[in-house]
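Two complexes come next, and they have one chain in common, chain A, joined by chain B in the first and chain C in the second.
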Partner chain A sequence: MTTQVSKTPRRAGASGLRRGEGVAGWLFTAPVIIILGLFLFIPVLMALWVSFSDWNGRGSPLSSSVDFVGLENYAAVTTGGGLAERNFGISLRNIAWYVVLVVPLQTALALFLAVLVSRAVLRGRGFFRTAFYFPSVTSSVAITVLWLFLFSTTGVVNEVLSWVGITGPNWFNDPRGIFHIGLSAVGVDSAPEALSSGFLGISWWDWFAGPSVALFAFMLMAIFTTSGTFMLLFIAALQNVGVELGEAGMMDGASGWQRFWHITLPQLRPTLFTVLTLGLIGGWQVFEQIYTGTQGGPAKTTLTPAYLSYQAAFQNQDWGQGSAIAFILFLIIIFFALVQRWVLRERPVSKRRAAQYQVKGQKP
Partner chain B sequence: MTVTAVGDTAVVTEAGAPRVGRTGRATRIWSQVLLYAVLIVLALIYIYPFLVQVATSFKTDAEAAADPISLIPTVFTWAAYELLFSRSDFPLWFMNSAIVTICVTLGRVFFVSLAGYALARLKFRGRAVIFALVIAVMAVPGVVLLIPKFLVLNQIGIYDSYAGMILPLLVDAAGVFIMKNFFESIPVSIEEQARIDGAGTFRVFWSIVLPMARPALITIIILSFQGSWNELSHFIVSTQSPELTTLTKGVASLASGQLSQGSQYPLKLAAAAIMTIPVAVMFFIFQKRIMNTTEGGLKG
Partner chain C sequence: MTKKTRAIVGAGALAIAGTLLLSGCGGSGFDDSGDTADGGLTSSDDALNILIGSSGEAETAAVEEAVAAWSEESGVEAKVSVANDLNQQLSQGFAAGSPPDLFYLSADSIAGYAGNGSLAAYGDELENADDFYPSLVENFTVDGDFYCAPKDFSTLALIINTDLWTAAGLTEADVPTTWDELAAVSKTLTTEGRVGLAFGAEYQRVGTFMAQAGGGMVVDGEAVANSPENVEALEYVKSHLEDGTFAYAADVGAGWGGEAFGKQLAAMVIEGNWIGGAMSADFPDVNYIVAELPAGPAGQGTLQFTNCWGMAADSPNQQAALELVQDLTSTDQQLAFSEAFGPMPSISSAADAWSEANPDLTAFLTGADYAQFPPNQEGATDVIADFNAQLETLKTGDPQQILDSVQANLEAVIG
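Presenting the complex of A and B:
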């Protein structure tokens, strides 16, 4: 998301023809301004107000009977000690595991696919690209329906697992955390004393449960549907990577892996940044899959903040809390996007690496 | 090929590894075999679910549960499709999705290119501010807008109407961004000529600039068609009556079992398959362009 405001090239001697331009400019942009203003800026302001109010869904939130309650709604979901706090904690636990595992995996898979289909000599390149990209064009509803079938008890995935002697779980009805399953396999079934305290109404033991089996199925779905889109971004970036640099590396005796790691990957940094940022922003917002598939179940292990926000407002008529959750989510997303930007920032380049880039710099 | 092989051998000698050219060639062949094997397995994983989806939609409920993996139904039946089209609201959902998608796509193409042109070419006070706002909008996560959108639609009285479904989707900040970038990339001289000949700003835009912008317009058409056809969350918060249910909302309710008894996978998968057809057709028509668009989009 670059924010460069580029200037129109200066044109000399045209000022006489440009008198109506101010009016035209505003007329041309008016539809965009009106719609974005009406359905984006004003709504956000209204929701901000609702998150500080006790509006219960009846009448207008702007009417005089609605009272300002300060930070009450925010407090209820973060420190209230009740169900609201616990639900919010659970949703954060779920989505944190989701983001931590999905974002790196989908990025790595997308890059892997892109490298595979970008080989200089490859038969059926178009076919493979199409195959990997196709899941990305389908709607989240259609893909969720398909996933519910594939991962049902008698579904395709369990059938395939049974070929190698594994009895697959009842995926979308299994609330066990995958790390807890792993621990119970080595005989640890309950929390050590140190983990019985907690945060946001959930014990540390439950925080470290990992994603539930049900959520894990959703994570696989996310990786399946997004890797194609991100693959396209990487393919485009790979085409811009200078071939001569790779050849120079080859002459210097670098192996394929070394060439990729030290020559190609550094040049992909901007795209890597884009993909990670898009993945992160998308990851925190999981909603439609949950709405279509599990509605937060089993045992709230697929509850996401976005779905919780929807549920609080539209089903429980607790609009203040729903809005508060949405704004906290907003802040979290912005926070992590900025952190990521900082972590992946351009660092001063070492002399050795600067020399590598010089090769490309000389070309134009 | 041979040149690289020679290069490779040279590399190997330099590194001091005791390898000869012939081994290098064998390794190369094996790595080719491995490459294609990996690609084919991956492609199978990506495609097979969709083949199973279509196959299962023609199976009976019992067979779908007993033998989920086969691609050929033992008993071929249209039952799921008959049920969808003759005894459910599916045709209505389809029509609603079509109406919304067509309106949104036409509207977006027009408004987004108008604004993109103004931001790229016209000089007026406030242009930088407008562009900054468009960028800011792109950064707002959509899910945060669920409650806000409902509040405003409700407040201005277009909740649960086509207007409420269509108007908020008519403009897309990313589209404005794409069009602006495109207009900046085409030479200004032709427009200048038309201006000197006395054509008004809108005329220049409509009959000279827009025809030149075909590639970018197709990008916008693809994005908005796909976006509005697949849209769900906006329709959840903007409608409630059954007459305004779109495909996404309707099939989602099918999935959560609100309309059906038991698992009924053939029915659900048939519905999901049909709703995928329009975007799939769109995809295959513009396949070349989609694969290249992203490159252009990324450079911008």
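Presenting the complex of A and C:
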């Protein structure tokens, strides 16, 4: 032991005089370890087991009557060829469009609002900050109900649209994909031959339908409610951006837009990463709006994987499939978080870029 | 290295300890379910827990009162709880091995729970088993076992706005009895901003036309979703959706048929018994009558919806629960429930008294004679949900194609 201590002095905590501290350390962290373990780690492990088992919702999933079925549940929703696969395909289609459109838009809006309310010249900054943040502190169930009301056929939104001569759609009951609506406006109403094959039981034509009008209304809601939260993160980050670099940029003759794009934004990179990651996770996991609002309708166009997982487990007693969907969703989220982390990584300045800043005629 | 190893061992120990703990929790409770009495039902001194999905204050109070009265008489303690989300709370109870002894159970979730062994099939033990309408008994029969006592039921009928009816120059003699007549009066009643007939875009309404055409979803255990009769029914509905005399409730801007009717966006709707409560609460000024749905090519047809008193297989006191169910489904008690919150009694011995008390609503009760019910096989809920999704686009869709896909899905679950 002593030899080891002398070799690795920084790991000495486990022995000698410091032995007591190790115990104390465990003691102090024990409450969190126990709570996290009991309410997070073990349930996740159990759900993982359920996704590989034929547990049917009765009694303990760990009892001897529950059997291991391998990847059967995963196969049912990805290659089964039946309704389970089709439903999963539809839910992935819906959520993919949701994420692709909501995440960039809410991030851009949040950043825009943050820049606006951070400007020293703005009067009533406090008021606007509160106003923009307000939707975020309201319960999403309440907002959903409000949204159903605003976007009803004879609701406020359609009333306003009618002022400018637009007959608004029947928002939450309209299953048409917005790209399909656009295509039918130019006379394309059915799938070209090339798009009639498909993936996960959904034809390519339907994959490219875009979000339905109903889902689109939910997307507007998501952007409306979450950009306030993310605005707050951006405001905090903007306050840490020193004015010196901006002033230096000004001396060099950079325009306001250039200063924002080349000086401020790069310094916001860590926050941008946080916001995009949180947005991505939140986006893939949409549940309560669907649960309170449409239950997946119209025509399954607001069915999300999280809601499908709930439906499979709690309504159809297909607990294995429900957990399998949850874990596939988990893998998808991890994958995209990693991709995004890789895209936003700190890169050394490229040679081509560096060359732009060299004084002409001088060798680097 | 040693530290890392220890961390892994620690985590492993924690996981194992936790797993044991959880399996301990889950394992108890469903092996020691009291003594088994005659007829395979358990019996003990345990109190009964009853979980209901209540429609409101009136229903809760009525059930609580009835249970309390029985409890006093029998000496068995019983407690009524109201579920916020019945399916979820039931699932939790079954998973934990401590489900409520008795609970409301809808016809579309019975197959799932019966399939995993959560339910006790006590139907044949009931003293009043023969009194229930045969179609309701069939509705709660899975794989030949009559599982649970129908609590009450509803059927669909044609609800007609009498003011709009007379304003259009129609009389009582014009109440439609055939598809052609229905199409004719719908056309007469259709005006700018109002359709003749509205109904929800779902099998649970459109299915009445399929029944009237002589079709259905499952006949004698065979999936028959794409039968020519069903195609004919959907063609009929489609043609009138196209000419604008029929419309889906959502397409006239209403959440459901009752709302379309109350807001006078439709002069007639296809709805069930529940519309009475909604009309008196939200639209007390709209006058209406309830008529039987018109006959199609194959005669009359409608759909029935029902719930039963589910009993848990893990209940330690099933004998007492059975007695309570017999009490709750007795003629007098069902009539009392009907008066308190409006459901239709599930037993034929209460029919005359009910018709006498509700002379305007008898069309609902006569529907019981020819009602079909949505398929109750395990997995059928998903098939219906998919069918409903396709029905929303019936106006532009192809009935044969829609029904073919439903048939394929239905065959997969019926096996």
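The rule is short, and it goes like this: the second predicted complex is superposed on the first by the 321 of 364 C-alpha atoms of A that agree within 3 Å, B and C clash if a C-alpha of one lies under 4 Å from a C-alpha of the other, contacts with A are read in each partner's own complex, and residues count from 1 in each chain.
Everything that follows uses one rule, which is that contacts are C-beta pairs under 8 Å (C-beta built on N, C-alpha and C of every residue); 3 or more make two chains touch, one makes a residue touch a chain.
Since this is a predicted model, take the numbers as computed values, not measurements.
Chemist: First (chain B), second (chain C), both or neither: which does A:61 touch?
Modeler: A:61 contacts both chain B and chain C.
Chemist: Quick check for you: in the superposed arrangement, does A:142 touch first (chain B), second (chain C), both or neither?
Modeler: first
Chemist: Between chain B (first) and chain C (second), which, if any, makes contact with A:152: first, second, both or neither?
Modeler: So A:152 meets both chain B and chain C here.
Chemist: Check whether chain B or chain C contacts more residues of chain A in the superposed model.
Modeler: B
Chemist: Which partner does A:277 reach: the first (chain B), the second (chain C), both, or neither?
Modeler: Neither chain B nor chain C is touched by A:277.
Chemist: Look at A:46 in the shared chain and tell me whether it touches chain B only, chain C only, both, or neither; answer first, second, both or neither.
Modeler: both
Chemist: For A:340, using the defined touch cut-off, is the partner it touches chain B, chain C, both, or neither? Pick first, second, both or neither.
Modeler: neither
Chemist: With both complexes overlaid on chain A, does A:38 touch chain B (first), chain C (second), both or neither?
Modeler: both
Chemist: Please indicate which partner A:203 is in contact with in the superposed arrangement: first for chain B, second for chain C, both, or neither.
Modeler: Touch status of A:203: no partner.
Chemist: Contacts for A:313 in the overlay, against chain B (first) and chain C (second): which applies, first, second, both or neither?
Modeler: both
Chemist: Where on chain A do the contacts with chain B and the contacts with chain C coincide?
Modeler: 11, 14, 33, 38, 42, 46, 60-62, 152, 154, 313-314
Chemist: If you look only at chain A, which of its residues touch chain B in the complex?
Modeler: For this pair, the touching residues of chain A are 1, 3, 5-6, 8-9, 11, 14, 17-18, 20-26, 28-29, 31-33, 35-36, 38-40, 42-44, 46-47, 50, 60-62, 113, 116-117, 119, 123-124, 127-135, 137-146, 148-150, 152, 154-156, 159-160, 224, 228-229, 232-233, 235-237, 239, 250-251, 253, 271, 274, 281, 284-285, 287-288, 291-293, 295, 306, 309-310, 313-314, 319, 322-323, 326-327, 329-330, 333-334.
Chemist: Across the complex, what residues on chain C touch chain A?
Modeler: 2-3, 14-15, 18-19, 22-23, 25-27, 30, 87-88, 91, 94-95, 97, 109, 112-113, 115-118, 201, 250-253, 378-379, 381-383, 385-386, 388-390, 392-393, 409, 412-413
Chemist: Over in the complex, which chain B residues touch chain A? Could you list them?
Modeler: Interface residues on the chain B side: 4, 7-8, 10-11, 14-15, 35-36, 38-39, 42-43, 46-50, 52-53, 56, 64-66, 68-69, 111-112, 114-115, 117-128, 130-135, 137-152, 154-156, 167-168, 170-171, 173, 176, 184, 188, 192, 195-196, 200-202, 205, 226, 229-230, 232-233, 236-237, 247-248, 251-252, 254-256, 263, 265, 268-269, 271-273, 275-276, 279-280, 282-283, 287, 290-291, 294-295, 298-299.
Chemist: Can you list the residues on chain A that touch chain C in the complex?
Modeler: 11, 14, 33, 37-38, 41-42, 45-46, 56-63, 82-84, 86-87, 152-154, 170, 173, 175, 296-300, 313-317
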